[in-house]
Structure formats: structure tokens, C-alpha cells
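Structures are listed in the sections that come next.
The two complexes that follow have subunit A in common; it is paired with subunit B in the first and with subunit C in the second.
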Partner chain A sequence: MDTMTTISQPDHATMPGVSTPAKSRDARRVRGLSDRAIAWLFVAPTIALLLAINIFPLIWMIRLSFTNLNLSMSYLPLRFVGLDNFRDILTDEDVWFRLQTTAQFVISSVVLQVVVGFGLALLINRQFRGHSFWTTIILLPMMLSPAVVGNFWTLLLQPQIGPFNYLISLFTGVPPSSFSMTGQVSLAPWTIVLVDTWMWAPYVMLICLAGLRSIPDYIYEAAEVDRASAWRQFWSITLPMTVPFLMLAVLFRAIENFKMFDMVNLLTSGGPGSTTELVSISLKRAAFEKWRTGYSSALAIILFVTVFGAANIYVKTLNKVKQR
Partner chain B sequence: MTAAATRSTAHSIVEASPRTKAFAGGLVILYAVITILPLLWIVATAFKSQSDAIAYPPKVIFEPTLEGYVNLFTVRTRQTPDFIAKLPPPQTWYDQLVRKRDMVIAGPSKVVPRFVNSLIIGFGSTFLAVFLGTLAAYAFSRFRIPLADDLLFFILSTRMMPPVAVAIPIYLMYRQLNLTDTRLGMILLYTAVNVSLAVWLLKGFIDEIPREYEEAALVDGYTRLQALRKVVLPQAVTGIAATAIFCLIFSWNEYAFAVLLTSGEAQTMPPFIPFIIGEGGQDWPAVAAATTLFVVPIVMFTVLLRKHLLRGITFGAVRK
Partner chain C sequence: MRALGWLRSTAASAVVAVAALGALGGGQAAAQGKQLTLCWAAWDPANALVELGKDFTKQSGIEMKYEFVPWTSYADRFLNELNSHGKLCDLIIGDSQWIGGAAENKWYVKLNDFFDKEKISMDDFVPATVVGYSQWPKNTPNYWALPAMADAVGWTYRKDWFSRPEIQSAFKAKYGRDLAPPKTYDELKQIAEFFQGREIDGKKVYGAYIFTERGSEGITMGVTNVLYNYGFAYDNPKKPYQMQGIVNSADAAKGLEFYKELYKCCTAPGMTNAYMQEGLDAFKSGQVAMQMNWFAFFPGLYKDPNVGGDKIGFFVNPAGPKGHFTQLGGQGISVVATSDHKDDALAYIKWFAQPAVQQKWWQIGGYSALKAVVDAPDFPKSAAFAPQFLESMGIVKDFWAEPSYAQLLLDMQKRVHDYVVADKGTAQQALDLLVKDWTKVFKEQGKEVASQ
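Our next item is the complex of A and B:
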């Protein structure tokens, strides 16, 4: 803080974010840079980058979505096909099936993560000895690369050699090679939910824990005075006061899982058949394996619109939570 | 489970009874142990021999070997025992390990270049994102910017898009600009993704620094930029460091863009690791070794970030 009391000479040469011409032309003018100019100079690079990397490509993609572009047959003349791609997608049963698969994955994984995460948060909130160490351990999976997680779980879930099936067979007596978590139509959708929960239940836990800790003690003390049962306290105090945090966690998780690609792509690559083919995996196949660029651009735009709808709700909720 | 835990604390919820604490602690520790087992299994697999790694029943006790790590870093060719017998004696411990399997080392594998790519792309994009993010966050925090809320929402919304969808036009654009499979291309892309997180997180951190400090500096004759550099930045150092680590973790872990937009030159670790193959499919000890080396920095960062984790994962929405 002592630098504040000494007036140093202005040295604009090392200032970040100042455009060169202004700097070299007249140092006094830089000194007088209005706050508005600085604000503009500071925000512009970020906006420019996002326009170049996000918005320009997006506009290009909107254009492509009205064409028949197929990169594996790029010798074909580029033809504008109007809304044909959108019609094809929205009338395609397969696409609806992928969306259904995605919705099932999103809902079951988020529900499971909320149950496990909230439960863990309640337990950790008891402040037993060493809770901070064990919480850090529990948090580890969510910091890992989803792709790497998907990859190493394929080893853990191998029917013959994997420890998962072996453990299950130890407890239930079912022979370990009699079922395959990633290769069986009946199990694979649950497998991706299971691994996703292993990874992200801690995420819900961490947010819920913040919610629980935001409840002031005096509310519980008042409830004690009124002789409210612990059960009643949970339903009338703990749960309602944690709900905004819970909602935030649910929205974050729902959006992330709607976009899910990496972990599932490596764990099951959409299989067996297409039982775990989430919409992102389907999009990747259309765009980067069949190279149907026009068609997949249209599908991508449909997904954008869906996510944007969700994002709006998300930001509104986020602001509500912040206002508390 | 939760109901039981709540009920048994009827006398006081503010300070749980020792019995409740023990019960809660027991359950949490049980969950923590189950959750860490898969990771421990991978760390252990890295020290197994090829045959121990795929043994049935799965081996918990085994003779540790560094074969997995040697295989990760080398390319080997199988030779006849006669050929190997004629070779001069092995020069190093890893030569010796490889020869026991009737193989000779043909050269280094691609893991080091991939690791270097991860580092360059990770640090490059982190530096750019934090630099741009700090400037923008300061402006959003201190100045009245027209449509600030809309701009902030726009910045965040770029992160809502599914990566596979974003990759389609980026792929076409990069093809035109010759940025496909280049580090520069990946750095720019990751910077664009990270800058949204950086702006939101840093705005939160800068909001918490009292304006009075700067105002005092301005009165003392500082320019805005001097005040930013000498007063605000030193105060925001912790926040900037935490933000940088979050950006680094994102770039480090990212897979979708990497697998779709790189194939060799600029490939990072996540798309590389699953394709470490031996003679019969995936070389699990080597994959596990790569995973271990890849995950260790993340574990360290998690411990370092513990205090700021909540803020980071909620884009600054929840603070403790």
C-alpha cells in the first residue's frame, strides 16, 4: 500500500491494453485517457476474440445449414436446399430417439447426483474430525479429464478382467463374465449414469454444502426453542434454504450433461448398438464421420437453440441466488 | 440415510452429538474410500506387468514393475531370441526390462511431444485468457459499460454451446486459415472458451476489492492504468492465480475439440492416452502410467484450489 503515498512518474510504455499509436503519439493524452476509453479498450479484445472464434463461425454455420454441403463429396456443387435439412432432422425418428436417450441420461444422472450429493453434504456438515481431508478426496473425480475417466473405466468394467464385475460377483455370486456393464443393452445406459455420478456427485455436494453453511445457527436455535423435531427442522428450514443452491447445481449439471460427449464417447462410444448414443455423439458422427456438414450444421443449430433456452433460465436463477 | 442422520441430533443441530458425528464421519469415509478405489486401481495397474494387468481374477497383490512406464515412453519391436542373444549386453535398466520380453527399443514414443503440446497449449491459452479476462473484468467491475449485463451474458453463453457443435464451423474455418492441427489454433480456441470463465470469476474477485483504494491512488495523482497495476492487481493476485489454475485445468482436460481438430502435430494428452496400444489392443499398464502422470498435477491443483473450488465451478455465482 505504500506505493499509494508516493507519486511516481507515469510510465505508459508498460501499461497493458493501451493501443500503440495513442501511447507513442502523446503520453499526456494517455494520461488523460477517459474512463470510457479505458473501458472500451479493456473489453474490446475479449469481445473481438469471441466474435472471431464463436460468433463468426456460428453465422457461417447458419448459412451452411441451408446447404447440401458434404465434405466427403465436396466435388458436388454447393446447392441451397432451404429448410430441407431442418425438415429431415425433425422428421427423423432416429434423431428423436437420440434426444430421448440424452434426456433419459440427463434426468437420471442429475437426480442421482442430487440425492448422493445432498446426502453427502448433510453428512459432511456434521463437522466430524477430518472432514476437510475426506471432502478433498471425494472432490477429486470431478477435477479429472472426462475423456481419461471414460477410458480408464472401460478397464474397470471389463467383464473378465475388470475389478468391478469381480467385486459384484463376490457380493452377489453372479459369475463376473455373465454380464457386461458397457456391452449390454440393458446395462449400458445405467453405466454412463453411474460413472457420471461418480464424477459429479461431489460437484452437487460442494454447492449444497455452501447452501447448508449459509443457514444461520439462530434459525435452528429458534426451532429448538419451539421444540420442532429434527425431521420438521429438515423439511421447514434445511431443505427450503438449500433449494436455490440445489437448483443452481441442477442447472449446471443438466446443461453440462446435455452437452456430454467426451466421457461417454470413450466409455461406450454410443454402444452397444446405439443405446448410449447421446445427441452430441450422433452429431459428431454426422459431422466428422459421414461429413454431412449441411445436415449436421442444422442439427447443431437446433441444439444451440435448446441450450440457449436452458441458459436463459439458468442465468435468471443464477441472479436470484446471487441476490440472496 | 439423511433422515436418520438428522433425527439422531434432536438435542442440537448446531453442534452435533459425538455419536452423530461418528456416524456421519463413518459414512463419508466409506464413500470417500469407494470413490478413490478406481483411481488407486489405475495407479496400481501402471506398476503391473502386461499379464498381471489382464489377469483373472483381478490381481490386488502383484510384483511391481516399471514396464508400463517404459512401454509408455518407448516404441519397441519384437525380435527372435537368437537376434537378442547376439546383441551387446543391455546398457540400461529399461533395455534390460524390454529384452526380457524378447523385444528391443526402437525409439522414443510420442508421449513426450504430446505432453509438451498439452503444456504449451495449456499455458498459452491460460495466459491469454487470464490477461484478456483481467482487463475485461476490471472494466465490467469499475466502469459503467452500456449493456453490461447483456455483454456478460453473451460472454457466458459462448460456453453453453456443445463443443461438438462449435467444432463444425471451427473445423471449416481452420481449414481455410491453415490452423487445423496447430498449437496456435488450439490456443486461440481454448482462450475463447476460458475467457468466459476468466471474466466471470475475476469480476467477482475484483468486485471484492474496495474502490476506495483506487480512488485514494487517483487522488494521489495516479492514472487509471497505474492504479490498476499498482493497487488493484496486487490485491487481486490470489483471485488471478485461482482463475489461472481453473483455465489451466480446463485446457489440460479438454478432449472434444482436441480429438476433432488435431491429429498429430498439436495433439494433446487426452485424445492420445486411449490410443496407447500394445500388441493386443490397449496396453493397459502403459495407459495407466500415462493416466497417472496426467492426473498427478490435477490432484495437486485440487488441493491448492480447495478454498476457491466452489467459486470456480459455479462461475463465481456461489462464494463462501
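Our next item is the complex of A and C:
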């Protein structure tokens, strides 16, 4: 037997407490809050916070970049200098040298981290005894604060008491105190790359691991049926399917390393000389040691535009890869 | 009745006791809840100041709070605080080079009227400290600080090693003279070379420890000790800010070359970014024969159970071919203009300037700049390093104290470190570039810089 339930339209006008749409609109108007207004009310605190801590300082910084402001000489009159700060920066050989140093650091460390991170991900992706333990051990460095990493690597790399030099000495026969990883022009740039890789390769590993685990098993099973070798499976399945994840890791690490400051500052302070002075260290020195506020604001804007532009191009490329 | 009598006498005693306590603690009651924050660097003398400050609290009832920051971030931290008109510090023991900026930016309270009112005379203090720590503009009677901590670069050496017969005879055989604390930089280098790599008590030791730090002020505070004595000056005394041919004179370049030679030949490996603490560690661990460092650390070193006492000796920064000077360190104490407790802060300075307090300051590990203390007949015998300190304070020179000092300092850090540690270019090129950097800074500041 068919049971039919008849739902009758209630008579709003006759039901107590329920108003007609027209009446409801009137009531809202009376209270002065439309749906849109309520939505804005909820979003407003976030927008206000964003404006206060992100947008306002950015606009203020843009304004300062066109001035001669130097906070250690704030008694001098504030002068509008147009594009002078930008011209000074872009024609300064030292700044270009810092940018080159930064680019070398970013490229070397990201390449190494991707290679090591991907390798670790391939290993960790297999099931073996103590799998969880080793995963935790590998992830430990990225959980540490860069300040801690900088300090303990400084001790590890100390030429007389640091175990690192003794380890190198063990394999090469070179006397441990005859070289300084952070003090020699030829070694210091590689030292910061090494320490950064030690710390952040596990992060790349995590991203790659997510990529590897997202590959469906049936693809490998089909490859097995087709008698594809392990090498062939790697080149034809594993690598292509993890490329978007690798590119994401490259993006994250490149942006982070472009801004790298704390660890390098602790390890070498930009030395020896200016060998490892990354552009972020130059920026900090100009802003908070030399107090050249106008100049450093201009430098910060140039760096922001550079990173933003490069990241945008990269993301577009990433999207194209994903679409394929 | 007896009970009532007892009650009466007890009540009377209580009233008397309360009154007496009130009279005794009058100052404290008046100052109850008052507190002053004093900002300085975290180092040995700061501990002595905490000890000394207890007397001030006892006398005035004002509690002292301290904000001590490690040297490597001391300038960053406190200049940031002053720049942002913060209220963290009521009193600040600011570095000598800050005085120009602090005066021009009105970060410090000008103390002339206060000194006049309290009859504190700057003639009572060691002249170099008054010029170095208090005056801006230099050599004018405008005072922004009271000399608080006199200091200069000096040297320590391993007296026990120097006095060993086998070492003495080996040295004499090699150099044809007795092994003794060096009077010139050439002698210092010879001694450093002699000790470099030598085995003493089964341990390899090194010749000398010198400043090479890159980040803050280290290598500049080290290299100037040689540069001054080789003929370097900051500008032409007759034409202020004229640096061409003076900062980068051939003599100055020789001085810079000498510092690099000393660094290459005779320092321990890995000392590429080393300042005060690394020097103390190297000396205390028996690694070096001679150590460049600030006098402020010498009381602590003298007390060290392993290398102090009879084992340690002190000498003044050696002379060079063109003169005999040493780098001024030390600081003056100032009242921060944005403090809400300026009167209490001035009361602290008044108390600190008293001869008895200054005497105690010296006795417990601080370095007084008061003539009554350092010119006293028994002063040279009051500490093993007192004669050298006294001599050093007579030959000090200081870095620029201009408002733009931080830019000038960082430029010098970069140029000198590039040449000495990173082997970049020649000494002459480093100093030429330094003149270029400094000229730009002064021009930005609106100064007229004559090229010749």
C-alpha cells in the first residue's frame, strides 16, 4: 500500500512566531543587519588584523623606500629621494654579489635536499623492521629550531674539538685542525649547504613520501604483468607521478632558503669576509645594524618582487605539469 | 594591676619599636615599590655591578633590576630600544661609540645641570674616559654620561711558560734576546711564532689570540690596536672628515698587512670569527701563550684556578713603528630620556659618582675612571694588572663616535675581514674601499668630506 504523506503549506500568517518573507526582511531591516552585513561582520576582524599587520606595514614600507630615513639619525629631516634608493641598490656591485651568493646557496641546497629527500622517501616507503623508529630519527633535524641547529653545528665543526673534522680526518688522513669548515673561503659556502640539507632534506622526504603513497598499487601490478623491470617502473611510474610533489617541495624550499637568515648567521655571520653573506643578512644589517631604513625598505621590496615573481612563474609551470 | 602594668609597658614598648623601625626604614618606606632598570652587557663587570647596586638599594630603598644582553647582540638590542623610545631601561651603560647618536637623537638626558647642581666635576675623572664616554661633541663641555667602566685592550700571557728555563734558553738561542713580555709588535710576533705549534706539557699550543669576529665589532676592535701604532688615523686633525691618504696611508696598509701576518702565522686553527669569549676560552684552556682582550676580563682571569695567579702576566698593547696607542673600550652611564624614573636614575648616578662607591667598584671587579681611585699611590699595587691598566688608559684612542658610527663600524668590519680572513684583495685595496664607504656615509649625513 502506497503511503502518501501530504505536506501542506503552512499558513505563515496564522502561525505564531513565523513571519512571511516580506515581514522577515522588514524585521532584519529594523535590526539593520542584512545577510551580507552579518557576513562582513564575521570577516571584519580578520580583515582588520590583516590590514594592520600585513597591508599597512607593506604600504608604509613602500612609502619609506622613497625616503632617506635613517633611524640612527632620526634628527635629520625626512626627505623624499624618489628612486634613489632603488638605483643605489641596483647599481651596487656588493648587492649583486650577495644575490649571486644567495642564488648559489638556494640552487645547491635545494638540489641536494631534493636528491637526498627523494632517496630517503624511496627507502622509507618500503616496509622494514624499525621503520617507524628510523622515520622518527630522520625527521628529528627538521623539528629543531634553526638557532639550535646553528649552535650545535658550530660546535661539531670546531676544528680542534669538533667531531666533524675528526671524521673527515679518519677517512682522508688530513689533520683535523688543519682546516676550518666555517672559516675557509672554499669550504664555508658548502658548509651552510650541508647543514641546511641535513636539516631540511627530511621535509622534502615527507612531501615525496606523500607522493609515493598516492600512486595506486594497480599501476605497479600492471607493470609487473608487463614484466617491466624495477628500473623501468621507477622511470615510467614512480618519478613522473611524484614530479608534482617534487616541484612543490622545490617551491617551498626555494622560498624558505631565499629568506634564510638565522642558521647562516649563527654558523658564519656571513663570513669569512662576505663569502656567505646572503641577501637576507645584508638586509638585516642595513635595516637593524646600520639603521638605513629607507634603503633597506627598498631592498626588501626588490627581494619581495623577485621572490613573488619567481614563485608565480614557477606555480604556473607546476600547474601545467599537473595538467599533463 | 600587675597584669595591667605589664600590658601598658608592652604596648609602650611596641609603640617605641614601631617608631624606631619607622625612623630606620624611613628611606625605604618613602621609596617603597620604586624600581630602576639598568641596561648593560652580560659580562663579568655586570656581576660586580649587581653586587655594588645592593648598597644603593640599602641606602635609597630603590630596587635595582638589571637587563644584561650578550655583547654580540648588545648594540642591536639596546639601540633598537633607544630608537623606538622604549621604556625598558631607566639607566643605560651604553658603548662609547653611541654617544654621538644618543646625544643628537636625544636618547640620553644631558647631565650638565645635574653635574653642576650635585657638584660632580668631570675634572675628577680620567680625561680619556670623559672625552670617550661623556662628551658630545667631543672635546666640548657637553656631558651625556658619567664615566662608569673604564676599559681598554690589553694582553695576557702565560707567565709560567715564559719563565721555564728550557723555553727561555730555546728562545734566546733562536732570537738572541731574553723571553719577556713584548714591548713592540715585532717582538710580539717573534714570541707568537716561537710558541706556535710548540708542545708544552704534552699539548700543542699556539702563539697568540687576536680578535677576528665578523658580526659585530670584533675584528675592528682588534685591528685598530695595530693600525694606530702603524700610523693609521680616522681623519685629518686639521680637516675633520678628510680621510683620503690618512685612513688608507701606506703606513696604515702596512699595519693591516701585519695584522693579517699575525693572524696567519700565529693563531689557533678555526679562529676565523672569534671575539672576547673565544679568547677567554683559548687562554683558560691553555691553548695560547698570549691573548688580546679587554682589561674588564682580567680580574676574572687572574682568579682562574688553572691559568690565574702566578701563571698569568699582563702587558700593555705593544708599540708599533709610528706610535704607541691602544683601543679604548668601556662605557659611561646615562639616564634614558624616555624613562619615567629620571629623578631616581639621577640619584643612582649621584650615588655611583661618590669616591667610596668608586673605590668599592674597583675592588669588586669594576674599573673606576675616578682619578681619586686610579691616581691613589697604592693603586698600582692593588691588582696584578693595575699598572698596565693605568698605562693603557693614558694611550687610548677610540673609533668614530658619530651618530652614523654603526654604518662606519660595519663597513670596517667587512673590509678588514674580507682582507684578513677571506684573503680578498690587498691591504691597500681594503683601506681604499673603506675610505670610499666612509665618505659615502658622511656625505649622506650631510658632512663635507674633503678629498685632499
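Keep in mind that, in the parts below, the second predicted complex is superposed on the first by the 269 of 324 C-alpha atoms of A that agree within 3 Å, B and C clash if a C-alpha of one lies under 4 Å from a C-alpha of the other, contacts with A are read in each partner's own complex, and residues count from 1 in each chain.
The criterion applied here is as follows: contacts are C-beta pairs under 8 Å (C-beta built on N, C-alpha and C of every residue); 3 or more make two chains touch, one makes a residue touch a chain.
A quick note: this is a predicted structure, and the numbers were derived from the prediction, not measured.
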item: Contact breadth on subunit A, by residue count: subunit C or subunit B; value: B
item: Contacts of A:F258 with subunit B and subunit C, given as first, second, both or neither; value: first
item: First (subunit B), second (subunit C), both or neither touched by A:Q160; value: both
item: Touching partner for A:G270 - first (subunit B), second (subunit C), both, neither; value: second
item: Touching partner for A:S180 - first (subunit B), second (subunit C), both, neither; value: second
item: First (subunit B), second (subunit C), both or neither touched by A:L33; value: first
item: Partner chain(s) touched by A:S74 [first = subunit B, second = subunit C, both, neither]; value: second
item: Contacts of A:W291 with subunit B and subunit C, given as first, second, both or neither; value: second
item: Subunit B versus subunit C as contact partner of A:W60, first or second or both or neither; value: first
item: Touching both subunit B and subunit C, residues of subunit A; value: 160, 288
item: Touching residues (chain side subunit A, partner subunit C) in the complex; value: 68, 70-76, 158-160, 177-180, 182-185, 265, 268-275, 285, 288-292
item: Residue ranges of subunit A touching subunit B (in the complex, touch as defined); value: 1, 3-5, 7-8, 10, 12, 14-18, 30-31, 33, 35-36, 38-39, 41-43, 45-47, 49-50, 52-54, 56-58, 60-61, 64, 118-120, 122-124, 126-131, 134-148, 151-153, 155-156, 160-163, 166, 176, 198, 202-203, 206-207, 210, 213, 217, 220-221, 223-224, 229-231, 233-234, 238, 245, 248, 252, 255, 258-259, 261-262, 266, 280, 283-284, 287-288, 293, 296-297, 299-300, 303-304, 307-308, 310-311, 314-315, 318, 321-322
item: Complex interface listing, subunit C residues touching subunit A; value: 75-76, 79-80, 83, 101, 104-106, 213-215, 268-273, 287, 403-407, 410, 414, 417-419, 421-424, 444-446
item: Touching residues (chain side subunit B, partner subunit A) in the complex; value: 1-3, 5-10, 12-14, 16, 20-22, 24-25, 27-29, 31-32, 35-36, 38-39, 41-42, 45, 53-58, 131-133, 135-136, 138-140, 143-145, 151, 153-158, 160-173, 188-189, 191-192, 195-196, 199, 213, 216-217, 220-226, 229-231, 249, 252-256, 259-260, 270-271, 273-274, 282, 284, 287-288, 291, 294-295, 298-299, 301-303, 306, 309-310, 313-315, 317-318, 320
